[in-house]
């Protein structure tokens, strides 16, 4: 399946892209992360510490073990600092 | 001694005066109230329920057993409703 | 810190902007505005009586307590007296601090103390006569939470 | 309820007055304004990144929660993104209710959720380089108090 993967803040800076279209075999977010980390060092660096990362599926916060079936957009970012 | 006695809100309305100069022998606020209540019905009505009254001595909240020595202004009023 | 007790209306917009602009170094500004509720048209007007002299002393004391208790860049209290129509603004409080927790706590503290410890008395004038607003038990309860901490 | 996410500055005075005037029947209006602290001149600018689309959804969900939890006449959230200088206003929240307790609680709730659950990220640009603002443990703690109640 194909998903749009978007990155924000230092995740975006480490990976060097704001978004990309990814073809994946993964069934969960964690599976997608494993595929990305295997690609290149910059992904490994961005995903080194999952406790400092958040994920949203189709613009709703989700867990790393959430299934990807039917998801169009996966976003990775650090904890939010709004307000 | 002479004190200025001021009244606010429904205390003022029941007594029918905003302020008056009172010559008193009382040593405490409670003593002053007893003297006023003995004067006329309208005072007795105003001071009928002390739990619904507050007193300030020289513009500072005080208790009914506070001494009057040196006080220039005694104010009686219901619980405040500011804000 | 600034304290204003007046019969005249105040300009919420100008006061809010002026307060925020003057609070150098603040990251958080909280304002509270009290408005005369018209209770669905039942209220014709509100008459606010106060104790000139003591009002200013009591509010200044309340503001000093807030400043001693939280780290504030600035604080403002404006309170009106006299006759107000439904929908008119009665009063405002503003607090400025580096962080939001202090600004919120100080504004709530100021409001709780103004409600029950500043010498104002409200009378509602309605179609069916007039009546003094009674103090509420919940307002005394609101005060007690600041003594606990 | 109104929600605005924009790069442009907003007019705190006009928004405050408009909000209070529009909140028919409200007796209490609370506003919070967030301002870029310049840290004594150490901060040159702040860059706020956000997630277009999700930002609006997340804030709308937060506002719905506040409206379900407290009796509100109205609520407003304005949040900016992009580059802001020290002293510039980042965002504001306003709540209106019949009574002050609801207005204060809803404003604090909205702020706590905006801080940690709306997809904004702040980067500080200073004389000595740039750094992303880290989320604070105390902000997560502030959120937990709303789950307890």
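First chain written, first letter: the chains are A, B, C and D, and each begins at residue 1.
Everything that follows uses one rule, which is that a contact is a pair of C-beta atoms (placed from the backbone, for glycine too) under 8 Å apart; a residue touches a chain by one contact, two chains touch by 3 or more.
It should be emphasised that the depicted structure is a prediction, and the values quoted were computed from it without experimental measurement.
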item: Each chain counted as touching subunit B and subunit C at once; value: none
item: Least step count from subunit A to subunit C, where 1 means the two chains touch; value: 2
item: Separation of subunit A from subunit D, taking each centre as the mean of its C-alpha atoms, in whole Å; value: 26
item: Separation of mean Cα positions, subunit D and subunit C [Å, integer]; value: 23
item: Distance from the mean Cα position of subunit B to that of subunit A, given in whole angstrom; value: 72
item: Chain centre separation in whole Å, for subunit D relative to subunit B (CA means); value: 48
item: Contacts with two or more other chains, residues of subunit B listed in rising order; value: 83
item: Contacts with 2+ other chains: residues of subunit D; value: 34, 100, 111
item: Pairs of chains in contact (touch as defined earlier), listed by label; value: A-D, B-C, C-D
item: Contact set on subunit D toward subunit A in their complex; value: 34, 49-51, 53-54, 57-58, 79, 90-91, 111, 114-123, 132-135
item: Complex contacts: residues of subunit B adjacent to subunit C; value: 6, 8-10, 12, 56, 59-61, 75, 77-83
item: Complex contacts: residues of subunit D adjacent to subunit C; value: 12-14, 16-17, 20, 23-38, 40, 87, 89, 98, 100-101, 103-104, 107-108, 111, 142
